[in-house]
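Note that the chains are named A, B, C, D, E, F, G, H, I and J in the order they appear, and that numbering of residues resets to 1 at the start of each chain.
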Amino acid sequence: MSKQEAAQQVRVARRRAGISWAQIAEQLGVAKEWSTAALLGSHPMTEAQAEIVQQLLDIDDAAAEALQMQPYRAPLAEDVISDPTVYRFHEALMVYGPAIKELIHEEFGDGIMSAINFQMSVERRPHPGGDRVVVTFDGKFLDYQW
Amino acid sequence: MSKQEAAQQVRVARRRAGISWAQIAEQLGVAKEWSTAALLGSHPMTEAQAEIVQQLLDIDDAAAEALQMQPYRAPLAEDVISDPTVYRFHEALMVYGPAIKELIHEEFGDGIMSAINFQMSVERRPHPGGDRVVVTFDGKFLDYQW
Amino acid sequence: MSKQEAAQQVRVARRRAGISWAQIAEQLGVAKEWSTAALLGSHPMTEAQAEIVQQLLDIDDAAAEALQMQPYRAPLAEDVISDPTVYRFHEALMVYGPAIKELIHEEFGDGIMSAINFQMSVERRPHPGGDRVVVTFDGKFLDYQW
Amino acid sequence: MSKQEAAQQVRVARRRAGISWAQIAEQLGVAKEWSTAALLGSHPMTEAQAEIVQQLLDIDDAAAEALQMQPYRAPLAEDVISDPTVYRFHEALMVYGPAIKELIHEEFGDGIMSAINFQMSVERRPHPGGDRVVVTFDGKFLDYQW
Amino acid sequence: MSKQEAAQQVRVARRRAGISWAQIAEQLGVAKEWSTAALLGSHPMTEAQAEIVQQLLDIDDAAAEALQMQPYRAPLAEDVISDPTVYRFHEALMVYGPAIKELIHEEFGDGIMSAINFQMSVERRPHPGGDRVVVTFDGKFLDYQW
Amino acid sequence: MSKQEAAQQVRVARRRAGISWAQIAEQLGVAKEWSTAALLGSHPMTEAQAEIVQQLLDIDDAAAEALQMQPYRAPLAEDVISDPTVYRFHEALMVYGPAIKELIHEEFGDGIMSAINFQMSVERRPHPGGDRVVVTFDGKFLDYQW
Amino acid sequence: MSKQEAAQQVRVARRRAGISWAQIAEQLGVAKEWSTAALLGSHPMTEAQAEIVQQLLDIDDAAAEALQMQPYRAPLAEDVISDPTVYRFHEALMVYGPAIKELIHEEFGDGIMSAINFQMSVERRPHPGGDRVVVTFDGKFLDYQW
Amino acid sequence: MSKQEAAQQVRVARRRAGISWAQIAEQLGVAKEWSTAALLGSHPMTEAQAEIVQQLLDIDDAAAEALQMQPYRAPLAEDVISDPTVYRFHEALMVYGPAIKELIHEEFGDGIMSAINFQMSVERRPHPGGDRVVVTFDGKFLDYQW
Amino acid sequence: MSKQEAAQQVRVARRRAGISWAQIAEQLGVAKEWSTAALLGSHPMTEAQAEIVQQLLDIDDAAAEALQMQPYRAPLAEDVISDPTVYRFHEALMVYGPAIKELIHEEFGDGIMSAINFQMSVERRPHPGGDRVVVTFDGKFLDYQW
Amino acid sequence: MSKQEAAQQVRVARRRAGISWAQIAEQLGVAKEWSTAALLGSHPMTEAQAEIVQQLLDIDDAAAEALQMQPYRAPLAEDVISDPTVYRFHEALMVYGPAIKELIHEEFGDGIMSAINFQMSVERRPHPGGDRVVVTFDGKFLDYQW
């Protein structure tokens, strides 16, 4: 079973079990952003983590095994990139990407934000004009070193 | 003169003038993320803003006029997308995009983070293991309404 | 079962049942444009709506469940984009897209028509030279706000 | 001079002259949607129309001649398709395209909405929750005839 | 069963039955070009036509039903476009496309040959230097009308 | 000067001179389809032909020389393929391509219609329901020979 | 069964039977280049040829039937084009393609080497510096004829 | 000056000078296939070779210098690949590529024909049914060695 | 069974057997880089090698047979290219590719590093600032020879 | 002046000055791999470095300034990727990429070789069967850390 098939089984099982992504994270004792990404195939889980998931969601052994495999972290499929909820992040990068690059270099010099030594969060910020989605990317700066 | 040509003139002029992006923002009285994006062609400036920029950077009249034009907010060129500093953000979306979608729907229901009613920030967070780049996306939630 | 497979089952079942898309909408008490899009996978249905559909069309439980899932709103497949009935709308955007942009900015300023706070309609307009297809896009204007 | 170069000259000249697209249309005695599209290169103008434009906007002879040439009605460039104001229309077709096709066939049978015998409009509709952009596509139905 | 699968079944069944495309057309009382296209999935057949085909070729009920469905008229797959017999038509359009456009506009003005109100034929023309394939496209002229 | 630049000069010069494509062909003593294609860059002209064109249209020496050069017969640019007048021919191939292939093989066996030993015509056919564009492709059949 | 599936069955069966491509050709009484291409799906075989192949390789009836079907001669899949043994031929065309075109026109005038009235060979040429692969393309010259 | 610009200058100069590609090769004392490819930018020439070319064709110093530069051996542009004279070679690889691979492995084992230690020829072979173009690829076999 | 399916079976079997890639290589008596590539489908194994693998990993006969087949050495799939562990190598080629080309030509003249007469290694180099991945490409230089 | 134009000026100037890439590196006191990449646009130089280059190669002020600018590290253009000297490295990644990934994970766990904290070398290794090109990639291992 591929990690994608396991992710699909997880999504259905989670819905049937009526458990939120946040509750799964709480049981695992990790951030909800990490565990949701791992359950959708982007990170390998430990055997202990996979067992907890299996008990919570009643997924089968092959799925639990697939969750532990080393992933290929693949590009998003076209139907994911173009989904409006995901697309707006690409649109924001389209509008602000060059400004982000200039401001990182101004603050840190020549280098990058690591996407490996990295964490992110998705949060709700209440606002009188309508609540807001706040997504934070937080990665170690790496400078070009020869 | 296109907004892209004006942006290129701004970049060279800013370097020669020895003024930081943050200092330009301060003179304009706006966030550095907004003004940098506007100077690179993603937002139209008012006539007053364009005049301040012209005085600070000694750009020509055609460039100052171009800064005020309504932009086409175009996709990033291949050489920008693949630049490692910009690419890491796409890689992070690749790894976390589906998780972001699930978590937005869990928290808010069916809808999107607006990329129009939206602001973002680029900041340095000191860290003993190496300082970190923190980029925050902050947009109004919009639910699907018929 | 994916929403695409459910949509395919709906199309066949609707044809066998001899029920029109408009009649399904009437039973659901919603606009025919919304329900047809939802049945083809673009919007999630409530459990109550899915049950009505199941009774009308005699689709199986898995299809009824799929209709309630949160969709990925994917780009049209090549065989749909190129279908002449669909393609003419892309051709019209090709011919009039830049004019639409100019006229929206002239009337409203810098911003967009929302595709989330949005509804559309498909209607027949009788005409002596041959009846006409009238499709209306109606979305809230959103201005760029920082 | 190409029609694209003429369109660019028109855009700059119109801004300097402080004349709206609607005013140009009024002078020409045509719909603002048609004239804006024609001035941006999608339709050929008559010699009389081009002369009126030349007087209003003070464009040069080559541009006035280009406005009269038979166009190649080309696909939108990537920077136009991805511009958020234009993109939302493609997103709406993405979400509703298959429903539009089903509803046209249900109402009219096998055939298409003509994009040649066709007109469209862009209008503002006041609304307490925020004014709305209303774009209407109106084309003759053509049925498949052997 | 999709129309493509039905088309594949038709091709095999026709070969086994030893009936030519022209003979099928004769039984249906339609042009061989129309019926061959319909049997390959480009046009919907009536129930009566599908029954005649079923009797002639001994295809199953699902295939006969698929022949009656409203098609998506999809672009040719790469293996069809590149097939030398099909490719030569694309090569001819490559060489003569712009000339065809100029000559249509010279003869008819601004507009198109309809591909909906349209018929075509494939014929053999005897010739001492080797017989010739003669393919004729015949569509109603449609002029741009606002 | 490239053949494309020469073609552009020819188009403008022809319009200014008020001479039709058919009249140029008549002066050259060749079919209007061949000469129009040659003037647009798809075929090399002889020195004598280029001289007649130069006299008729008052093009410069470099253009007249370019008309005589051996062409690269290139694929149509995107703006030509998508032009509605040209696109309808591709749409017709999309709908009828596989039927054309089947009918050629049924009539001739395994092989192709040559696009080299080939001629085509564009004609008007009067019709009470609206005059029709008739385009004929006529090429020698070539069978696969080892 | 498609011709591709038949080709795959042939490859496995040939390996198990321990018969070379050259031996199959010998039994068929044709060139090994033709029969290998036919067995891999590029040419239709006669019923007699397919029977000989079936006896030699013990393939099933559906495969033998597929070998006789009229092929779509499709473009090479990416995994075939990029295979180093095949890719070097594309690389050679990349380096020498324009020279081949110039030399054909210098020797023959405006026209092409036919790929239909065509044969090719693959041979070993002994050489003290290492034996060489010699592949010869041999096609009838066709000149552009109107 | 790029090698492509030099190649273009060479083509025009050769035509004006009335010298054949074969005559240039003869003056250089090399195969006409090598020198034509080198003059079109695929191989670097020595200073002595470039001087001979300069004298024969009267090209300028920058072009003569460009001929000596180390090339980037680039893929063929789309207008070259699709040119019918060049395309037929790609079509032949499309039809025979897999057979070539099988026959090379049958004769030589796992490995490739070198495209570096390689030569090719273009020749006319007289034939009663029409003279033939014969193109030979001749490269050293290289086996996979670890 | 394809080589890709065999590779997938090998990966799962290796994990279950708890044997490292290096241990398999040791049993085979070859470099771990060669055997890992071969087990993943890039090289054919001998019958003896396949038998050893079968005993070590308990794979089935079809997989063992597939390991011996001549491979198509295909391009990496998108999900492999974009995997961050693999992508960094493409990024390094992006940054250093032109420099590598210049330095090879400076040292060796016009030619290439063979990818056929070639070996590579993956090693860990301890380093106080964090251990390093060292990957070495080592191929015979081949100069362009006519 | 862009960094690409500066790189082109450097290449020509270096050739005219008769100075090797290695000699430039020696004057700069850096590795030849770093300085060649920097001169070709992949790294920014300090003002002092740019001055040394200017003296050695006699490039103009704009080029010296461009060498100091922060680069966009763009993907290789198609003509560079397909150049045989560069392509062989992509072919090697094609054949060994998945094996490299497996071996890195086996040795280091889940993570990547940094392409930022990274150096590489190009060397000649004498060999009786023909000297060899040895290219080494050496980057810090980064493990996935949340």
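As a working rule, a residue touches a chain if its C-beta (ideal position, glycine included) is under 8 Å from a C-beta of that chain, and two chains touch if they have at least 3 such contacts.
These numbers were taken from a predicted model, which means no experiment stands behind them.
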item	value
Touching both chain G and chain J (chains)	H, I
Minimal step count in the chain contact network, chain B to chain J	1
Option in B-J, G-J or A-B whose residue-number contact pairs overlap F-H by over half	B-J
Chain A-chain D separation of Cα centroids, rounded to whole Å	41
Centre-to-centre distance between chain J and chain C (centres being mean Cα positions), rounded to whole Å	51
Whole-Å gap separating chain A and chain E, where each centre is the average of the chain's CA atoms	48
Contacts with two or more other chains, residues of chain B listed in rising order	73-75, 80, 82-84, 91, 94, 105, 111-112, 114-118, 142
Interchain pairs in contact, sorted by label	A-B, A-C, A-D, A-I, A-J, B-C, B-D, B-I, B-J, C-D, C-E, C-F, D-E, D-F, E-F, E-G, E-H, F-G, F-H, G-H, G-I, G-J, H-I, H-J, I-J
Complex contacts: residues of chain C adjacent to chain A	69, 71-75, 115-116
Touching residues (chain side chain G, partner chain I) in the complex	15, 78-80, 82-84
Partner chain F, residues of chain G touching it in the complex	30-31, 34, 43-44, 70, 105, 110-112, 114, 116-119, 142-146
Complex contacts: residues of chain G adjacent to chain J	82, 84, 87, 91, 94
Contact set on chain G toward chain H in their complex	20-22, 32-33, 36-37, 40, 42, 73-76, 80-81, 83-86, 88-108, 111-115, 117-118, 120, 122, 124-125, 127, 129-142
